[in-house]
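Here it is: the structure, laid out below.
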């Protein structure tokens, strides 16, 4: 009896996903799924530092915005190809991560979360007020990464490899020594140190790819919607989304952020269509529901209790 | 002279900040709860105040006790239904839950009240008074005065009443307090109610001198955290003083640098204090 | 005989309290040395100083000849000092095997190797059957053993056990004593312990160092030290010394 290889669900998923622009003709649906993909990348990126390492960052939008603005401003002011700008964005985000991380990682628990909010807000206020450099609060048009026609499909095919890369990194982290060390840091920093782990270093190492992928997602998002502005790419709401997607789906799991993005994006879309202006209530209600009824995330519904607990979500250890 | 004006303006606004932050200090000190929804409750206070004036003709400077009571009751409900389930759980869950409550409240406010800015025209608040070359809006003075009175009343309550003592006992040692016959759950609920009432009343007092919309609360949540950290975690007096300090710092920033950077001075102070003096300016242990 | 640990004239002050007052002792390769003394004597502080969780104000600490004074805990572990904590701190959301793997990962970067080695350690500790259980659900004795297993997994040469017997019943304690005697099988040649239970100390220790209020007051083979009047006085008060003399 021939056994299917263990990675067949993953392959199937990506195959179906990649094929979508070929058989989905409705531009609206394609855009929706594009957003699901981008936010899944965002959630996965957050997951590296938030889920595995247990550092509740609520300032990830800083990297999202850096990615979007770097691409836009380098194209506009230096005349670069926007793809170079995208790479620049990832690099700048990584540098920002080193700076922000080395300041904020000295703090624990709620102080850490607050300091990440503070860092992102400082960036937002600076961007909002440096009109000459960044176009201030009004924002500006972002360059297109692809040429018409068939923009929807092309952006889609740009986003899927990004998801694939994030997925691959996630898979590697999940079973590697690095990933276990991050979990140790999450569970108990003293114990982690006692087994030879340098928490400060590992946290920064986790934050770097986290920031870079967030920036890439930010660039692609801004380019798709052809716009950057502090109110679209530097809001606290996006930071909360990043955390929520990972936790809703299942933090410290590989598929969790994908599930989380599907649930969150689709739910808020449904609400937006039928009940306008409700997306905040939806987010809020989802957060409340997750915390009280599904602390392990949606993915815990799909796994047997014992199997799930071995995946070790950060909320797995509920007792603070 | 403009310097003195900025300083005094800062104190006046700082008084209201002191009230907001005292509420958060209470909640954090007693329940060790990180309340990301603080600003949202403040926002509810502004709307209660708004509709009280617009629909009932109730002047906020007279109506604030009523709004405080309403929010106290509401907070008890929120505590019983949601908050008590994350007491003792890790920070993650507390932050997510209170953030969820915050978003839900803001969203509901948007649905019920619309997203537009609202302002009221209170003649007494708009009057200007002063001496020498200094000018103050009467509204600022009134809001400051009421806030200060309430903060003082709060400290008296904590210091002299039995419930106040019970609250302080739980703040000092949550595990031992039950052994002294204190019902910790009840104390937590009441503390949450009080803390939220402080935020709500502060909102009611801010309406005559500013404006409101559903998202107005966010910056105040962050400000409160900054102040609580500045004043020494969980200390009500510290938070009160911290509020005045922050108010002054903001006005000075607006005066010397630029208005729009006043917001950011919050965060810079926050990061600096957390990094270099985590026990706060007035606190004892870190 | 090589000196695996040298703790020389070390002092540490916490605010007004001199927790460690000019303490010197050593551990030779192959020895089992216990730190004993009344509560508050500063025994755990000594461990924290050695492993770097606390930095000394004065003195030198050497491990296998290398100066490790003021180093970081993860450096101490990488050099070969393993430790357990008085209040057990397991990695709650991970399984027993994964807990030990955090230790074995130090010498075995690949997951499979780390897992196999972890299983070996668990086998040695008699806990192999529970390898897939979550650490959070374990009873105290098992969690203590898990701490020890994790420390062994790091490939330590010197193992510091901080009150590992506390809370164990006599049968469990005997098991642990047996394991400590066999630690050589895992390359652990020297053991340092903090312990209150005299029976255990007597049966395991080759040498004992007595601390009282931050100072070393006696040192030597356990049988001698327990009769030292200074030691009796420290534990029981001067009244009993007079009694003993009569």
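Labels A, B and C are assigned to the chains in the order they are written; within every chain, residues are numbered from 1.
The rule we apply is simple: a contact is a pair of C-beta atoms (placed from the backbone, for glycine too) under 8 Å apart; a residue touches a chain by one contact, two chains touch by 3 or more.
Just so you know, these numbers come straight off a predicted model, no measurement behind them.
Any chain touching chain A that also touches chain B would appear here, but none does. Of all chains, the one whose mean C-alpha position sits at the greatest distance from that of chain A is C.
The most central chain, judged by C-alpha centres against the centre of all protein C-alpha atoms, is A.
In terms of their C-alpha centroids, the spacing between chain A and chain B amounts to 32 Å. Centre-to-centre spacing of chain B and chain C amounts to 49 Å, using the average Cα coordinate of each chain. Centroids built from CA atoms put chain C at 43 Å from chain A.
Residues of chain A found to touch two or more other chains are 314, 317, 319. Across the assembly, chain C contributes no residue that touches 2 or more other chains.
Those residues of chain C that touch chain A in the complex are listed here as 51, 53, 72-74, 77-78, 82-83, 85, 89-95, 98, 101-103, 105-106, 109-111, 114, 132, 134, 136, 150-151, 153-154.
The part of chain A that touches chain C in the complex is made up of residues 175-177, 180-181, 183-184, 186-188, 190-198, 309-310, 312-314, 316-317, 319. In the complex of the two chains, the chain A residues touching chain B come out as 54, 56, 58, 103, 106-107, 109-111, 113-115, 117-119, 121-122, 125-126, 128-129, 236, 240, 243-244, 247, 277-288, 290-292, 295, 314-315, 317-320.
Those residues of chain B that touch chain A in the shared complex are 34, 82, 85-86, 88-97, 99-108, 110-111, 115, 218, 222, 225, 229, 258, 260-261, 263-264, 266-268, 270-271, 274-275, 278.
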